[in-house]
Amino acid sequence: MIEFKKVSKRFGQKQVLNELSFHVQRGEILFLLGRSGVGKSVTLRHLVGLVRPDSGEIFVDGREITHLSESEFLEVRRKCGMVFQFPALLDSLNVYENVAFGVRALKIRPGNEERDWVLEKLRLVHLPPSVADLMPAQLSFGMQKKVSLARTLAIHPAYLLFDEPTTSLDPVATRVIHELIHSLSRQLHVTSLVISHDMDGALEYADRILVIDKGQIVAGGTPAQMRQEKHPLVRDFLGGSA
Amino acid sequence: MVTAIGAHTLRILSHPVEIAYFFTQFLKLLARQLGTGRFRFRQTVDQLYSVGVESAGVIFFSIGVVSLILVLEFSFHMKLVLHQDSLVPAFSTVLLIRELGPVVTALLLVSRVGAGLAAEIATMKITDQIDALRLLSIEPFDYLVVPRWIAVWLAAVLLTILSIGVAILGGATIAAIKLGYGFGEYFNSMFTFSHFSDLIGCIIKASVFGNLLPLIACYHGFKAKPGSEGVGMAATSAVVEGSIVVILADFVVTYLFYTL
Amino acid sequence: MMAVLRNSAWSTIGELGKTTMFGCEVVGNLLRYGTPFRGLLLQMYVVGVRSISTTVFTGFFVGAIMAIQIHLQLRDFGAQAFLGGLSASVTLRNVGPLLIAFILSGKVGAYTTAELGTMQVTDQISAIRCLGMDPIRYLVAPRFLAVVVSSFLLLVIGLMTAIGGGALIAALDLGVNTLNYVQNIPTIVTGWSILTGVAKSFVFGVIIAAVSCYRGYTTRNGASGVGENVKSASVQTLVTIIIADFALSNWIGGLMDFCTEVLGW
Amino acid sequence: MADKSVPILEARKVAFRFEGAPRPLFSGIEYALEQGDSVGMLGPTGAGKSVLLKVLAGLFMPTSGAVYFRGVSLKKMKRSQWKAFRRALGMTFQKDGLFDSLSCGDNLKFPLFEVEGLSGKEADSRVEAALESVDLRGQKDLRVYEMSGGMQKRLGLARALLFKPQVLLYDEPTAGLDPITSRNILELLSRQQQGEIQPTVLMVSSQPHQIESLTSGAAFLNDAKLDPPKSWAKAKAEKHTALAQFLSGSLEGPLTAELGDQP
């Protein structure tokens, strides 16, 4: 269970988060929607301690994390696997090394079981074993995103945090990624928090949707509730979709 | 290992053809600009100010310390070989004017101005600004490169001369403190070896460096690969090739000017 | 004008402080965890072997230039016999390490800054942190050690080629017979000069590593940030190397006087 | 007026390969943009749409084949013809290509001075009118980094339209924008097309639904080949082709394999 309580953050004159409060239940797929530049991905970066809030509290499984030291944060980060908008693969290592990087360092799996563990993760993201020896530069953009998802899965996080996973992707790649997020959450009983501005994807794949504007939650509910939602911003988002 | 060296030299050999093309383009555009009177005077002065002032502090400081080192080194060696260090000011000043002054200034300019110029053009390239310029039928080379090129050329010559002045002052003070030389003594014994031709040699070196530096920096800026990796590599190659060329050019000028 | 000079000097001192702290943190990390030997070898190849041709090239010409310059001065003095010893000693003690380190600050230092900077800007470093791992231990420390070791080895190689370069140009052009050029070297180049050269090579290697890793790791705001940090890294390296050169010359000079006078070696 | 039969922009057997890349990004491209057309170019992310657009705009030299402007090959153009070609073209870029060292207004004033030698009051009124046409009135003094994503796209559009081009090339005009800002931009683009003379438009996008209303048809770049443009009706009627899957966004079809997908 993840909970934000009155979290505020200011960058220069811009009040990015303004007493933001929300929670994510165990096992659910929550989409956090909002226009670009309203602080969606900053919310995620708070969760993994890349950014510290000015005020307010953040709880991960009951533990307050805003005042943790860098080393204490390492365990929180193992629990919250983050997948960035751009694949951010280590371009000097091949796909196998990229996925095994975390596993080997954190000694999650002894040497002999490592190969099966990595190939299992590649299978989970629907990638064939033959991809393991390729270099990131040889993969298509969509495949690179899948490898970065496999890398995060490799350390068996309890939560999966997605930072705009389908922005500027074509319709087919978008559906492939959304399908993956949905199947992984169900299969691995992982809680997924997805930052996005793709309302169609949210309506189809989310258990619950929250809409954030000017650093605050302005509307929330199940996809069905959201279709009837009166809030002008939500109507605008809905208007956008076919 | 041999292939690494082979690849490296190959890459260096393929450059001259392209760099020569770059240089001719610069001369052609400079002539056209001067000819049509549309010389970007204001822009060149702005660049001169930013290049000059921005690197002055670092260069004066570094050259000053280098001259301190030189004076100490020569006093050490003179005592060892000639058992008296009356000629220290002469030796250190000559080596400074002929050699270390221009080279150290150039190497500092290569890293500060060279890397900066390459990075700036590379960044503009990957954010499509260079393409935007070309689409507006503004020749990027004409607008971006020519003013900066001239500014770096003038700055290199000016900074070299000024830094040698600073270095001589530094040398005189350390000589006074460490070796017990009076200022007057230092200054009049300073020019026993160096004569006016050394100053000419130094200016020639400075202007050779001042031309090679923007040439290489702009070349790598325009050649940058896409993505932020391209910017880093452009700046790095500008620094690396810039410094190697400075050393090579220094050798050539030294050889031609002094041994013939 | 003065304001620019003052605050640029002030910021450099501030930067030096931060770089040293960062360097200590990385070294502390290395001592506590060490680093996988295979990864270190790979890094040393990427950083070091790639720069051998550049170092040999630079070393040769630095040696040649010094030989010409010193020959010119000695000629007015008719003391060409000392050419071998003097140019080798000056190159070994001072000009050699300084100029070769300048080149390495570009070839090795700026490369590392650009690499780490690109990894920072493309979120690769944040990705490592989000995997619950310390990027200093897995990315920075191996590079730091690789840069220190390869810079040191490259500097030593460079110095040797410099002396070779001096001898070659002396024989080819200055009409000094190579045999007595070489024989003259031990008369002037004392053990202390060699110690100075080696000590400087090691210290310069550490400076190049510390500054380039620090600048790379703290890169901000996108692609232009990478270019900006490569620029400031190479300048900061050069200035620090010059200061260290001055400090080491004095310190070792003092040590030498102490040993010769007090201990009577 | 230029005679109608010759296409305004044409690619004959054009191929492009990045330096050091194992195989070409695309090859054997045959494409003709007629005067007054308004056509889209679709394709999966990373298919090379933007590169092909830049080749057509003469910003990238093709590895083989040639691009023709009104029947004249770009390779054989003299300086004056090249200048005329540039003036006839207006282009917006995926990463906007705004001059981030200049302010919003100066991004327009600078080209006006450089290309038409305009300055002073006349230039200011042209700048004000241009900003007005893209709903950026009064934002003249903003710095580029102070502007939102949507505002930067609009400034890029204003600059592309500055010299009344005959051909407009849009590279992913709504990339990275949220649906609401995207809709504003698309409205702005359609307003440009209501003008008296019908400008020729080529719009690259990976979002078919967004550009459908602005274009009469679309070409499809996929797997290093280009399907020639066809009307939206004909495109939608297709079954079991990569284009059909692309438009429907379904999981079944050849595109999934390209994503290495084996469910």
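Going in written order, the chains are labelled A, B, C and D, and every chain counts its residues from 1.
In this text, a residue touches a chain if its C-beta (ideal position, glycine included) is under 8 Å from a C-beta of that chain, and two chains touch if they have at least 3 such contacts.
None of the values given here were measured: they were computed from a predicted structure.
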Winner on C-beta contact pairs when B-D is weighed against B-C | B-C
Separation of mean Cα positions, chain B and chain A [Å, integer] | 49
CA centre of chain B versus CA centre of chain D: separation in Å?
-> 42
Could you please state the distance in Å, as a whole number, between where the Cα atoms of chain B are centred and where those of chain C are centred?
-> 19
Where chain C touches two or more other chains at once, by residue number = 122
Could you list which residues of chain A touch at least two other chains?
-> 91
Note the residues in chain B that touch 2 or more other chains, in rising order.
-> 126-127, 229
Taking chains as nodes and touches as edges, what kind of graph is this: line, ring, star, complete or other?
-> ring
Pairwise, the chains that touch are A-C, A-D, B-C, B-D
Of all residues in chain C, those that touch chain B in their complex = 1, 4-5, 8-9, 12, 49-50, 52-54, 57-58, 61-62, 64-66, 68-69, 72-73, 76, 79, 82, 85-86, 89-90, 93-95, 98-99, 102-103, 105-107, 110-111, 113-115, 117-118, 121-122, 173-174, 188, 222-224, 226-228, 230-231, 234-235, 237-239, 242-243, 245-246, 249-250, 253
Chain C touches which residues of chain B in the complex?
-> 1, 4-5, 8-9, 53-54, 56-58, 61-62, 65-66, 68-70, 72-73, 76-77, 80-82, 91, 94-95, 98-100, 103, 107-108, 110-112, 115-116, 118-120, 122-123, 126-127, 193, 227-236, 239-240, 242-244, 247-248, 250-251, 254-255, 258-259
For the complex, which residues does chain C have touching chain A?
-> 119, 122-124, 126-134, 138
Chain D-facing residues of chain B, complex | 126-129, 131-132, 134-138, 143
Which chain A residues qualify as touching chain D in the complex?
-> 34-37, 126-128, 131, 139-143, 146, 167-176, 179, 197, 199, 236-237, 239-242
